[in-house]
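Consider the two complexes below, in which subunit A is the common component and subunit B and subunit C are the respective partners.
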Partner chain A sequence: MSTWHTLQERSFLESSARQRAIGLVDAGSFSELVGPLERFVSPHLPILGEAIEFDDGIVTGVGLLGKHPAIVISQEGRFIGGSVGEVGGAKMVGALKLALSIFESLQQGSAAEAEARRPIVLISFETGGVRLHEANAGLLAHAEVMDLLQDLRRKVPVVALIGSKIGCFGGMGFIAAATDVIVMSEFSRLGLTGPEVIEQEMGRNEFDASDRALVFRTTGGKHKFIMGDCNFLVGDTLADFRRQAQHVAQMSMIEIEGMRRIGSRGAVERQMKLVAFAADLRPRDSTDMWKALGNKEPQQLIAASEEEFQKIAVRWNA
Partner chain B sequence: MDAIDTMIGMGRETIDMIVDAGSFVENGIPGFTLPCADYGPGAVVGSAKMDGRVCTIVANDAMPSNPRFPVVTSGIIGMEEGYKMAMAVYRSIEADAGKPLADKRPLLLIVDTPGNGPGKVEEIVGMNKATGAYQLALAEARKTGHPVLAVVIGRAISGAFLCHGLQADQILSLSDKYGTMIHVMPLTSIARITKQDIEKLTALSKTNPVFAAGPEFFFRLGGVEEIIEAPDAIRDCVLKHIDEIYRLKAERQTDRLGPWGRGELGEERGGRVTRKAVMQRMNEQFAAVADRYLRA
Partner chain C sequence: MERKLRITVGDKTREVTVQELGADGHPLPAAVAVAAIAAAPQRRPLDPKWSTIQRDTNERMSHMLPYLTRGSKVFQPADTVAVLNAVIRSGDRVNIEGNNQKQADFLSDCMCKLDPKQINHLHMVQSSVPLASHLKAFELGIAEKLDFAYAGPQGAAVAKAITLGKLKLGAIHTYLELFARYFIDLTPKVSLVCAYEADKDGNLYTGFNTEDTPLIVEATKFRGGIVIAQVNKIVDKVQRVDIPGEWVDAIVQSPKPFYLEPLFTRDPGLITDTHVLMAMMALKGIYAEYGINRLNHGIGFNTAAIELILPTYGEELGLKGKICQHFALNPHPTLIPAIESGWVQSIHSFGGELGMAEYCAARPDVFFVGPDGSMRSNRAFSQTAGHYAIDMFIGGTLQIDKYGNSSTATAGRVAGFGGAPNMGCDSHGRRHGTPAWLKCGEEFTDQQNLLGDVPRGKRLVVQMQETFQEKMASSFVERLDAWKLAEQAHLDLPPVMVYADDVTHILTEEGIAFLHRCKGLEQRMAAIRAVAGYTEIGLQAKPAETKSLRAAGLVKTPEDLGVDRRRANRSLLAAKNIRELVDWSGGLYDPPARFRNW
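Entry: the complex of A and B
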């Protein structure tokens, strides 16, 4: 219990995947499933002479947010960049499948009980996507995760929590985009193609990956909040993220569906308007976009605290 | 007819090889409209008939470049392309809403794409949403009862294959004799990023299916249902699999289709054997503590 209380005020950014998993749910409620003692390790890394981890770089388990069972998936960036291989992918898929089966078993009981105990999925992303050492298995697992996100629609809220050092890129970037609700801190990032890859493919004129400020302006939490991709910008403690998750657990499924950026024809039509806006504007920098949306002082927004920022930032609204 | 040595870059030609002669109508899906004529030119969508049955086609076109998004060329799926493909799927679902399973039109994905748009504007706007949107649309079509079949004729690379292919009920691939490529990243890039020796990786890539590139290895992992030996056999193979998908859906055997079905197939074929054990253990461990979470 004391551990849990200490964790609450810890920086999410600096925490490990397991600390995040424990701290994101109610005190003492987290049970890890297929944890390191089970020793499900990558069968593929040893062939390449690479070190393994007993949890394959991902923590999965279940906890509680009030009466709501919370299925937690937490990626560990310190193990091969949080990359997803066969075992880690299966842990993600298994956890999402478990959320669906918990939902279905609760449906057998009274409607009020099912509503009061509606499960929630929390995914803390810290990854660049597919693990190249076992690339094909990782790729196939990504498709399974996406498939299950669609199965969980309108049943179990799936919340992306992005507050890690690595952020969320590659194939996991579109998995995060396909969740119901995205919670970010301003210190973390969300995208598809990472800065180094853009620079390598398209040249330094397109993207200078060594420019940290540029990197954060392009994919950081504040920019994603203005674009409407990040639904809630929070502070950097585990308590900040947990409180936001708790808040989502209380929301109605209709309200949650309304937070989505993609997943219906209407949502796609709104995104197409944003693409058309960008095609006309041809932004060279994310702050060109901010200004065009009516944010007159981008520098002031960059410096603002997340609380202040959310009050003054003008967001994209189709 | 001259012998064909590759189908790379031949998305449009492939449509004509598969569908009933002269039946393809580009953009001709009920309710489907585009903001401008050259919208998302790297994606070709429309309606056609296969053995007289109306179907939706979603293909890549490697020839045009997107005039508004310069990184989008050679069959790359950019933002406009991704949303155009998603809209074609949603409009197809709407066109058949309320119809019985047997009357839900099939969706045929013809795959020849080297990647998603890798640019700064793409990241500013959110390329991840466009590719995610298309995947969710395909998953919805599949779960609504539409047979969704992908056929890889050229390049099926990484995120672009996840987007355009891996949400299908089944995936077919033309044999690698025709230059067909299925992989996440070229070996030279993998070697650089993983700091592994390129010779070791090259040797391994010939034997290890989780690592190797190409349709044969994806077949062993369950990622490809069937390899098609020659271009002139594509049409018959497509028709056969669409019938099979209709049958499996009618029999409610949807667990044998889509990404989940490919997981099961990967185990049957001995390519991915850890996956299932992990999930079984998770269920057992949850069962032991379930009361704490379901009756708290």
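Entry: the complex of A and C
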């Protein structure tokens, strides 16, 4: 296993769920909960003759970001596309409950201490959503997670970190949207219906899923950043994501609430304005939208490195 | 019947004698005959008895003439079907240019619009049939017989057309084999080719994607046939003359640029840790062991992984300058890091790879770049180089049988061979020595038994294959699916890509079997079983036997080779995604949209 220091400069895109979990928190601070040695495996997959994993494709645990306890949930795309089934879902739910209980126990002590040691939840998404082999249990887990996000709101910041190969789609796209802060790299993608499904349902003329450049400029980090669907665009190392998580950990809860894209009357009004803007524009491609928002040369944005992009990109601002 | 005429074509005036030209004995309309003769260089009048082919061609071209723009060889896209109708006759041998890369797709589409009642029984002789329109010509009854080398995505449609009796199969060839027959018994009467640029005189610029064009045009035109070209652009002066205008009879600017398939591009993002392990084994157990300096890599992630660990693991093993210096290879994007790190001295390419033109043009020390500054690929020459001048072919397959024969054919799909068998075989005409070739020959026990004390080398033919493939399909089988296919599609023999007697090494994640070092078929089969893992073949391996094969150096596991499995992961790849390949190339590589993750 690589050491924490070598992990820091590692590509987030290339990292496994466990490497991400270890590297996202401070050196040596990560402890895995319900790890592979516990062998909590899916009861459904063997019945269908499918292979299992001892961690069911999700790594959960706790670590530290400075003084802040960090509850980490990290999904592994290489196991059935990072899909969420009964066990993986329960691990997510358990981790979120743990965050809430840490928060509540800190409330018993001094207010200053509770503020200084406020926990933070880091979810490294790599998933297409519900695992179809165990869809009911998976859907239920989605609902429970959604519930817990409401319970954690204004108490414990929940940060979505999206920089892995599969991106974040399906039901988990909803979950990501309901978190407080979304951090992405340009190499990852966020959405509800995945490109292949859109093509299958609406036809190739509507969306050509084999055109990866199209897929990325429609669902990728750069587009999501311009549209305000993600709050921060970062580079592709574990250190880049960790630095951003540290930064969020230090923000006030009011600032963090301001990062939410949905969940308040004001946020809904902003979203509706964007919908109206898009409807009037009738864009044929995401680059039409970028142009309309004041990005004169969209092609330049596609080719730009993350740093250049940050300097020149004009974002949607309601 | 004979008359003298003064004619002017373009700015040339010439006095000619018009003779009786029609095949049926009737004189042709004067203007037509005149133009046909004027188009040809002045020469001694031909004896009609010995120029039937030319006279037939002249007669056909006379019907095409009204469509050509005055003073040029250009016709309009809207007249394409009429032009084809003018020059193609039922029963003709016709070539539509296309291989696994570029396609004369517009002309192919137009040929399907001919009236099958008038034009039918065509005998298609062409490198490949990967387009839907290639098969449509058979479904419509325009074409009847096919001699080809590669079907790729239309493999299932070819099998179906054969079963339905819509397609009579001549034979499935390798590229070189088919090219050879163009000059013996399968010469096309009409060839429909494609190019980037043409001028009004028909000079063609085929550039980076020259591929099969020179060969097709030469075979066709020098047997009095007709060559029609679709070009992306008609220009005043072509960038470089790849095909002289005299050899091209008519040109059309196609509505869309010709189709190009990026067949040799592999996204490093999809290379697995197992691919890396096998690549490490290949470098240490084969490349280093034999000092492989002249080679070809097949398509696939296995060889892409080898290319991408040259600057990392290869460097560490101190192999730079000792291996991989000369390739017969398409411009693989995954080779960019090795080229940039100074590993490669020369690469001659069969074809051009989409997005690589600018990079190749900017590396003339490595690629074959013309005086105009752009690369020229040439399939016939590169295949010849791959047959005679390389010491190793390494590539994947779909199925290997218990004897070591391998095939990419599956039931219901006539995929064809392409060029792999020209390299995946021992070239028996080879007479020059290199250390790798001689060492392999020295180890080839069975060959020595037939030669006495005369030394002879042997090409290394390496099959690199994981024991299981996608959807848990086994790579090692008792009997190849090719047998079933041969039965279904009424083939003369099962389509075998690489024959067992040519294979020297089989490399799986379990180990390397050194087949040529084995004595006889029984020992070869034991060595194959030893590396076949948990497949039906591998499960028949006997531990004691495998142990003795390892002791004799006939089978080597990663441990035997000193390959550290813990290091076998993607971090050894010099580029982990397409974006990093672009970075390595200094922005010169321009990947197709479907490969971009940005």
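Quick note on the criterion: the second predicted complex is superposed on the first by the 316 of 318 C-alpha atoms of A that agree within 3 Å, B and C clash if a C-alpha of one lies under 4 Å from a C-alpha of the other, contacts with A are read in each partner's own complex, and residues count from 1 in each chain.
In this section, a contact is a pair of C-beta atoms (placed from the backbone, for glycine too) under 8 Å apart; a residue touches a chain by one contact, two chains touch by 3 or more.
All figures in this text were calculated on a predicted structure; none of them were measured in a lab.
Steric overlap between subunit B and subunit C is absent once the structures are superposed on subunit A; the two fit side by side.
Once the two complexes are overlaid on the shared chain, A:38 sits against subunit B while remaining clear of subunit C.
The vertex angle at subunit A, taken between the C-alpha centres of subunit B and subunit C once both structures are aligned on chain A, is 110 degrees to the nearest 10. When the shared chain is aligned, subunit B comes close enough to touch A:95, but subunit C does not. Touch criterion met: A:216 reaches subunit C, while subunit B stays clear of it.
After overlaying the two complexes on the shared chain, residue contacts for A:176 are found with subunit B alone; subunit C is out of touch.
In the superposition on chain A, A:230 makes contact with neither subunit B nor subunit C. When subunit B and subunit C are set side by side, the one touching more residues of subunit A is B. With chain A fitted onto itself, subunit B and subunit C come no nearer than 8 Å, counting C-alpha atoms only. Those residues of subunit C that touch subunit A in the shared complex are 269, 570-571, 576-577, 579, 593-598. Subunit A contributes residues 31, 33-34, 38, 40, 43-44, 47-48, 50, 60, 62, 64, 67, 69, 86-87, 89-91, 93-95, 97-98, 101-102, 105-106, 117, 129-130, 132-144, 146-147, 149-151, 170-171, 173-178, 190-193, 197-198, 201-202, 206-207, 218-219, 223-224, 227, 229, 261-265, 267-269, 271-272, 274-276, 278-279, 282-286, 289 to its touches with subunit B in the complex.
Touching subunit A in their complex are the following residues of subunit B: 35, 68-69, 71, 79-80, 83, 86-87, 90-91, 94, 116-133, 135-137, 139-140, 143, 158-159, 161-163, 166-167, 183-185, 190, 193-194, 196, 200, 204, 208-212, 217-218, 221-223, 258-260, 262-263, 266, 272, 274-279, 281-283, 285-286, 289, 292-294, 296. Per the touch definition, subunit A reaches subunit C in the complex via residues 10-11, 13-14, 165, 186-187, 210-214, 216, 220, 222, 302-303.
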